[in-house]
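For clarity, chains are labelled A, B, C and D in written order, and residue numbers in each chain start from 1.
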Amino acid sequence: MQRIGVFVCWCGSNIAGTVDVQAVSDALKNEPGVVFSTNYQYMCSQAGQDIIKQAIAEHKLTGIVVCSCSPRMHEATFRKTAAAAGLNPYMVEIANIREQCSWVHKDMPIGTEKAIILGKAAVAKVNLNTPLTPGETPVTKRALVIGGGIAGIQTALDIADAGFPVDIVEKKPTIGGKMAQLDKTFPTLDCAACILTPKMVDVAQNDKIRIFSYSEVTDVKGFVGNFDVTIKKHARYVKEDVCTGCGLCTEKCPQKKVPNEFNLGMDNRRAIYIPFAQAVPKVATIDPNYCTMLKTGKCGVCSKVCTAGAIDYKQKDEFIEEKYGAIVVATGYNPISMDKFDEFAYSQSKDVITSLEFERLTNAAGPTAGKLLRPSDGKHPHTIVFVQCVGSRCDSCAQKGKEYCSKICCMYTAKHAMLTRDKYPDTDVYVFYIDVRTPGKNFDEFYRRAVEEYDVHYVKGMVGKVTPEGDKLKVQASDLLTNKQMHIDADLVVLAAAIEPDKSARPLATMLTASMDTNDFFTEAHPKLRPVESPTAGVFLSGTCQGPKDIPETVSQAGAAASKVIGLLAKDKLTGNPCVAHSDEWMCNGCSSCERVCPYGAITYEDKEFRMPDRTTAIRRIAVVNPAVCQGCGACTVACPSGAMDLRGFASSQIMAEVDAICK
Amino acid sequence: MKVSYFPGCTLKNKAIDLDIYARKSAEVLGVTLEEIEEWQCCGGVFSTARDEIATKLASVRALKAAHEKNYPLVTVCSACHNVIKQTNHAMQNDAEFAQKVNNYMAPEDAYNGETQVYHYLELLRDVIGFDTIKGKVVNPLKGQKIAAYYGCLLLRPSSTMQMDDPENPHIMEDFISAIGAQPVIYALRNECCGGYVTMESPELAKKKSDAILENAKAAGADMIVTACPLCRYNLLKNGTDMPVLYITELLAQALGVKEDTNG
Amino acid sequence: MQINEYKPLIVAFCCNWCSYAGADLAGNNRLNYPADVKIIRVPCSCRVNPMFVLRAFQRGADGVIICGCHPGDCHYTSGNYFTRRRMALLFSMLDYLGIERERTRVEWVSAAEGAKFAATMNDFTEKVAALGENKRLEDLRCKR
Amino acid sequence: MDKNNKYLQEEILRMSGVNPRKCMSCGKCSATCPAYDEMEYHPHQFVSMVKNGDIERLLNSQSLYRCLSCFACIDRCPRSVEPAKLVEAVRLIAIRKQGANHMTADDVPELLDEDIPQQAIVSAFRKYSK
């Protein structure tokens, strides 16, 4: 039996004005377990707290009930008071007789009656309280960043800057991501390479940062502060630490017909290659799908020309296991496939391209050395049609495209149109739009410049059909403002393809038990207040893996994610919330119902040996809750069919006792 | 094997070639087209209005007749196929519509879209197989550059028709390859020829057909094939000198059964 | 002894993050609602086991209302979706047992919706009061 | 919206099963329509006029008889609005009125040439008369 003390607060006249506090403390005195009951003007004041401490000592109290304001106000205060007097802080319950009683009821007898009932419910609960101790876990002071685009780079740099070691895992042979493929960046039009490549060099030179390029995460175990991650380093058949990046092999390799993915297949590279001049790490990689040596055992040119002796045809995939305290997901995006939108003739004509292809076409390091030339015949295009929202903002019933707005297309299309008109004033540029969406600092001004200064023809309407005929692309479109169907003979059509999360995100989310929305974007812990954290503790989100974003937004989110990681890694130990779920191993039948409803992946199963009657033993599958991961929502407690799962601090028996006390 | 066959009104009259060669070729390929008894005209166009019941009964009767024999139902004419397939889809998916139709016909023996509906091209692709056809070709149409003209009705609405990718189809191109000719891909192959509006507005049909023919010609086509008598009419009427043939005619030619009928 | 007019007994389960805070806000703004409503704090609306609802009715409650965060705003991401589904099932079963639909309710009240909380409680109490005492599920052995 | 337009609107939405509120006014239906130039009101206008209950003007328009039923707007609409279903519904309302057939048997002979397939005639009848 508990020895409970009840402390009724007047809160000046806030409570005492409508509630007869004396009557309340008198009534509660007779409740089971209550050995002491009093009231005082301001319980939260130093004097009030002293009354509590004194009573705990004098009456050897094992639990206390404070009838006062909302627990959201002073629960923490009274828990500290109890702890100071040597009582477990979780033996304190608050009866909210101010916000939920005295302030909403006017009539003294009614208020008093309700306050007594609320007090009784709190007493009934404390009778079943047990002392709780928050668990502590150590923190591995190293972060993992998955994805080496601008988001991953910025996050890694910021974390390293705070003094913590960071590893970047990038599946491509170089970091840099999509931004490395871009030409100019809106709205300032500085060149992407000029602002990105110095950051890539910073990453390479930072002794806190390790880059695992051409690698991927294959397994994640553990929880916040203590992740065990397996990284698979693909064989690149070149010794990374020996290769000097001189590039001789990439010039001498006889296999010249490999589509160059960095230029989106618009030109070719060799079977041994460095994706682009500023690649980090600047190390060659052999493409095993095209290398004659690896396929037939005959060739070996690269090995012969390499003076450093870096080529190793026998290299194998390597698995690295590492511990991390925090994981940042920065897996980025890709433009969607244009397969389902062939009314725009993407598959039928080389001169129908996506906007990312257009970036490469205008990039000085691209396949045309920055000259805007048609992919089909290398001629200069005079009429260019840009189509917005290709695959964005689609209804789900249409079963093609994405429901969301891809967000970046309006701005990059304005940029493309403006740059084209600037460099080639002899071109006619049309932009077909549904809505022009340019919120952002200096964004709408930028779009207006395209229209007003550069005379880009913005047409409100959509393209319905592109018909390649001869060397022209016949574009049939609607102009909704003049209510006309337009027919344009274009030389180049550029499609603003919707963007979607990288395909690697879904399996990664499963490994991390991080949740995703139906579009495979990672879900944030709270859409407004915790935008860079995943609901899974210790997993953070950076960049477009969380939703479409432009570069400025990505960089700020990357910094925010880094600061959250730093906040976590700065701690030596993590103190948990002790009000977490726990499973009674004798009652659990291992049905997995709880695991399925847990949003945090806090529940795992283990086979445990049990002593059974007649000196036998049995192996039974039982649920185990990881208290460091559990957030204490209680979803599992209701899902559990056998009643094995319960929540500390809000046990079923405690809530039932409250119900009973109220309904008496 | 045997399948139920719905020829449709035009194939009994203006498009006899489409019908005769369809039967002959199928026979060579081991499929007998068994004509449904007392079939009625499908109406030529499907009404998307959900309260149009009577105009769809003819299609349901044909579907039901095939169902009673447990055969799939095959049509050659694109329009008939479109109407019957859409009607069948409505019988499967619109419970209210199906109930009204069944009440109208024979509620005790309800039909709920069980019949498998094939267009002749689908029969070739999915049942017989283009590889089998390739093996049976005796007169490969070597060197002929043939442009497939799909029109609207074979492909759309794509969620119902489910024949092929509505914007980048290849079933007819695969067919053309199978009979040894060279398919020509051009963008307007799935655009409308003007359809029945040709009666009231021949100018519209001319504009549409001319554009299609020009586009096919620019892509290097010597000939156009189609499965639809109305498309063929519009293309021929407005064409310059581009031959427009039925798919079955070419198939019969490749399989070596065309001369027989002429003789 | 004084003959009181009939007062329903209402148990309200409120999630800690939205609805309990919403109830506090109703208090801060001095928005009145009947004292018949007694609030039990739970971490999330999905902590409410259907057993709790049944227990309340068994012990003589006349109405039970469960309040949680708005869909999509759950502090625990998805808890209120579980609540919505579980309670839909439970309430339809209660309906089958003769516990009128008006005696049960799930309502989404955010921490900013003090007015909504008070309005909801006024409305709910009024509806339950109109139905009169809950006799069907009440366990007479619980009566003293 | 007056009473008659309101009634017609409800009827059209019921017959067609279309929800014009899903339209985001992109104009792709009108961009893709092969009969555009022949029409007074274009597919996107059908959607907005039905949405706004401006039905009587549509009922009296020749645009109803220019839709080719090619289903291109149905297939290409990114919002699954399916404008052609609205055109069909409005046209049915127009021709279901007694004596309102757009085409009668008497009209046919002069529209024929010797090659025209039966299919064209039955289709036109389906579309133009009740």
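To be clear about the criterion, a contact is a pair of C-beta atoms (placed from the backbone, for glycine too) under 8 Å apart; a residue touches a chain by one contact, two chains touch by 3 or more.
Quantities reported herein were computed from a predicted structural model and do not represent experimental measurements.
Colleague: Which chain lies at the heart of the structure, taking centres as C-alpha averages?
Modeller: The chain sitting closest to the overall C-alpha centre is A.
Colleague: Pick the pair with more C-beta contacts: A-D or A-C?
Modeller: Here the pair linked by more C-beta pairs in contact is A-C.
Colleague: If you average the CA atoms of subunit A and of subunit D, how far apart do the two points sit, in angstrom?
Modeller: It comes to 48 Å between the two C-alpha centres.
Colleague: Just give me the whole-number Å value for how far the CA centre of subunit A lies from that of subunit C.
Modeller: 35
Colleague: Could you tell me the distance, in whole angstrom, between the mean C-alpha positions of subunit B and subunit C?
Modeller: Roughly 62 Å separates the two chain centres.
Colleague: On a C-alpha centroid basis, what's the spacing between subunit A and subunit B, in Å?
Modeller: That pair's centroid distance is 50 Å.
Colleague: Can you list the residues of subunit D that touch 2 or more other chains?
Modeller: In subunit D, residues 37, 72 touch at least two other chains, as defined above.
Colleague: Of all the residues in subunit B, which ones touch at least 2 other chains?
Modeller: As it turns out, subunit B has residues touching two or more other chains at 191.
Colleague: Find every residue in subunit A that makes contact with two or more other chains and list them.
Modeller: 343, 465
Colleague: Pairs of chains that touch, anyone?
Modeller: Result for touching pairs of chains: A-B, A-C, A-D, B-D.
Colleague: State the interface residues of subunit B toward subunit D in the complex, per the touch definition above.
Modeller: 8-10, 13-15, 41, 43-52, 55, 77, 79, 151-153, 155-158, 166, 191-192, 194-201, 204, 207-208, 228-230, 233, 236-237
Colleague: Flag every residue of subunit A that touches subunit D in the complex, lowest number first.
Modeller: 343, 389, 393-395, 397-398, 401, 434, 460-465, 476-480, 483, 485
Colleague: Provide the residue numbers of subunit A that touch subunit C in the complex, in ascending order.
Modeller: Its residues touching subunit C are 70-72, 96, 98-101, 103-107, 110-111, 113-114, 117-118, 121, 515, 523, 525-527, 535, 579, 597, 599, 631-635, 637-639, 647, 650, 652, 655-656, 658-660, 662-664.
Colleague: Which stretch or stretches of subunit B touch subunit A in the complex?
Modeller: 159, 165, 167-168, 185-188, 191, 214-215, 218-219
Colleague: So in the complex, the part of subunit A that touches subunit B is made up of which residues?
Modeller: Listed in rising order, the residues are 339-343, 345, 347-348, 399, 465-470.
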